[in-house]
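Shared between the two complexes below is subunit A, which has subunit B as its partner in the first and subunit C in the second.
After this line comes the complex of A and B, so read on.
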């Protein structure tokens, strides 16, 4: 009952943000939601299946580039360009998902390499991607007579899409499939001896994570209205994972909290506090040392009455 | 005793006088400020990240100008707000939006990194806030992808490359040159711009070697330079400038071949190289600290007095951007809220900058001198012995289209690897 009430209040606040917070915070919250979705996609692998992926930015960028190029150069409408973007990211995920044949540090290394391939192609294939200059002048989304004309409207579009994704994510992690992923994370050998097809489960999880990252990418390109290879670069992938870890890996709210902390520090605090990058570093270190389960982990511990005195 | 007693009274009197004067002054400025709110200018330098040092030069140059101008323009106070872009387009976009939406700036100035340019132009386009582009050089911005609310006060990348190609052929007598270029948009545009004019005159490219930014070792690059080449041209940026310099000598290349900087030995890194650099062709740029004009002397002296180092082209460029903005604001009596009038003023005023006379062409890019500079050792009254890039040849009033018509250039398309 309490949780339902909290959820309703939260929803009311989020819905009312554009009305009282002004355009800057509306834009910033839009950005936070988009990157939280990317962090959530990284966390599907990390929190559920225990795989540390460093190529989530690849699907994000490929989806964004596809949508941007279709819209800007070929005049294709959002109705086709946006799903095409998600499709392109997903197709890439179907290929990259073979990374799940490896584990541990090898998985990290192979996804790192995949990430660099996508970044390199975006950077070097200048005749197609625009190279460093990227693709500019991406229009706001419009489907038939329905047009997004400003930041407030786009905020609601992102809100709806992200909520739908969260809903799907919830169903997914609570399903037998999601539970068996958790099982694989806890003990792969036991799950195998119980007859689960580990490879297929992880492959599926990787592709689904790619789908979420691709949706985030499409939302991102309409938000920024500009894309360049940096969107697919290594730091973006790392940050997605860090956001999940700061907020609390394996939870749904965690990536949102993490994305909020990182982006507010960078985009707002940087305006009046010069050493914000140092602060970001301190947040990372403190999280890793004292709150490995992130902020959600701290909240859970506090709720359970464990103040950390006992063992 | 009496003299000792009198001293505190005198001090008190003087203090009171000073205070009264101060309050009077404050009152005057307060009255002025009450008439009209201050003009807010958003500056977008990379304060942190890989280009933090040019970013600092940019902030210094900008601040120096406004300090000299008493922080006023068109009878209104000027307030500068800084957004750290970290040399990342995403971050530049977010910061530009913050400056516009939260700080409510009237004008944006920046960004510095080439690839941030289109991103910030996007913000100018969607919000209508005028953007004075400095120092991002992407050719696109003033050619194929122009935005009505964006004017550039610095330089187009290939604008500095074109004269150098001609210089290589005509003045240095090269016929079969090897080019070492930094492998990203700015490097491509500068290098290929020089190659275009060099080959148009009949020069041959012995080899063109691209190096990614952050190349750790120039040994491989140097060993692939063809033996029959008659000179090497370097277009390198950042820390690579020093690595190339050191490796050039480490491999004994100085005894075999001549190397010329198209974009190489600049003020900010000259303190890290030694006298071996003296006499080398350093740059083909729209600025060199050694320009011998009263405007530049005054600028360099003021800059050195304040920051104890030579200004780089990033410093001068930001200083001039501020000068340009002030000239424009003055000419419209401070009414920056009329964005069209401000942009029109930016496009029509002419300024006498430290780097020479400037005005915008029909495509919003400055027509300006390009200086081929050589490193000279100078005894500076404040800095002691310093290496200074000093112009040896000036190409006057160079257009971003060089000698081609804009239509020809535009039809040809951008320089791409």
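After this line comes the complex of A and C, so read on.
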């Protein structure tokens, strides 16, 4: 009952944001939701299956590039360009998902290398991707007579899409499939001896995470209105994982809290401090050393009354 | 034909540089299962410090030693105060050391700025030599190849022919067992890690004399070193040697033949290799 009330209040607040908070916060919150979705996709692998992927930005970028190129260069409408973006990201995920043949360090290093392939192609294949300049002047989305004309409207579009994704994510993680992923995370040998096809489960999880990342990518390109190789770079991938961990890996709210913290910090700090990346580095270090279970972990510890070393 | 040969030399000289960086990564991983993503930043910092020393003293040799030693001090601090407390969790190690790399990169940017900088070498390393068939080639790159071979041989001898090497090899195979025989693996690790940091710093100086030092260079070189390690197999010195040559050649020919997809040329074979042999050429299950 309490939770339902809280959820309703939270929903009312996010719905009302554009009305009282002004353009700056509306834009920032749109960005937070988009990156929270990316963080959620990283956490589908990390929180549920225990796989640390460093190439989520690849699907994000490929989806964004596909949508941008279709819209800008070929004049294709949003109705086709947006799903095509998600499709392209998903196809890439189908290929990269072979990384689940490996575990542990090898998985981390391979996904990192995969991420660099995408970044490298985006950066060097300038005749197609626009190289360093990327693709600019992406229009706001429009389907037939329905046009998004400003940040406020786009905020609601992102809100609806992200809420739908969260809903799907919940169903997914609570399903037998999601539960067997958690089983694999806690003991792969046990699940294997119980007769589960580990490889197929992880492959599916990887592809589904790719779908979420691709949706985030399409949302991003319409928000940002341009796309360049930075979107597919290593820092974006690792930042997505960091967001999930700061908030609390394995929870739904965690990635949102994490994305909020990281992006608000970035906006606030960039105003007066030149060295944002270095500060982000300190956030990485502090999180790992003192809050490995993130904000949600701290809350859970506080609730259970445990003041000791809970980790 | 001329280009084929020139690119081969280019590739092998890059391989020599990559060996300096990846040997440290692979041995520290082999011994302590530590994934340190800050090696790229060590490389960059070593290079910048070497640059400052070379400008101040005019000696390239002093720059190499100074750059290497500075990184040893830093590497020890990172190992002792940041990596050791978090234990053997790879995820935490990666996030932590990426954070360290971000901080180091930013400090470098604040001190040395964002321009592409090159370290001046000694006079006898400048100019070019003439190969049979009227091929002109920079002297420096040849020296680098020789240096790489020298480093590989000395490391190989240290690893296979000395008592310390035998203990390290035993530690890579079974750390608990070595500990149980009364050898302090933690202390051994400090030694190996110091050597690895030194090599990374040295790599920064010798690399900074023919590639450039600039913000972001730390990640470019780290990724190449990681591919070396993945192809060769984590924890294997022979793997690092072979992997360095393969990656160097792939990179050189890739940039020359397919400039737009050079990353693909580099990572494609790696991916295919991994489908058939998950642990790289010489690697073992970890």
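A few remarks follow.
One rule holds for everything that comes next: the second predicted complex is superposed on the first by the 295 of 311 C-alpha atoms of A that agree within 3 Å, B and C clash if a C-alpha of one lies under 4 Å from a C-alpha of the other, contacts with A are read in each partner's own complex, and residues count from 1 in each chain.
Just so we're on the same page, a residue touches a chain if its C-beta (ideal position, glycine included) is under 8 Å from a C-beta of that chain, and two chains touch if they have at least 3 such contacts.
As the structure is a prediction and not an experimental result, all values here were calculated from the model.
Once subunit A is used to superpose the two complexes, subunit B occupies space that clashes with subunit C. Touch criterion not met for A:76: it reaches neither subunit B nor subunit C.
Judged by the number of subunit A residues each one touches, C leads among subunit B and subunit C.
In the superposition on chain A, contact of A:277 is made with both subunit B and subunit C. Of the two partner chains, neither subunit B nor subunit C is touched by A:298.
In the overlay built on the shared chain, the residue A:289 is in contact with subunit C alone; subunit B does not reach it. Legend: residue contacts after superposition of the two complexes on their common chain; A:238 is shown touching subunit C, with no touch to subunit B. Contacts of A:127 after superposition on the shared chain: both subunit B and subunit C are touched. In the superposition on chain A, A:142 contacts neither subunit B nor subunit C. By the touch criterion defined above, A:102 lies against subunit C but remains apart from subunit B after alignment on the C-alpha atoms of chain A.
Residues common to the contacts of subunit A with subunit B and with subunit C across the two structures: 126-127, 277. Residues 22-24, 27-28, 31, 123, 126-127, 131-134, 136-137, 224-226, 228, 230-231, 263, 266-268, 270-271, 274, 277 of subunit A are the ones touching subunit B in the complex. Taken together, the subunit C residues at the contact with subunit A in this complex read 29, 33, 35, 82, 85-86, 90-92, 94-96, 98-103, 105-107, 109-110, 219, 223, 226-227, 229-230, 234, 259-264, 267-268, 270-271, 274-275, 278-279, 286. Subunit A makes touch with subunit C in their complex at residues 46, 52, 54, 98, 101-102, 104-106, 108-110, 112-114, 116-117, 119-121, 124-127, 234, 238, 241-242, 245, 275, 277-278, 280-285, 287-289, 292. Those residues of subunit B lying in contact with subunit A across their complex are 47-48, 81, 83-84, 88-91, 93-95, 97-98, 101-103, 114-115, 117-119, 121-122, 125-126, 138, 140, 145, 184-186, 416-417.
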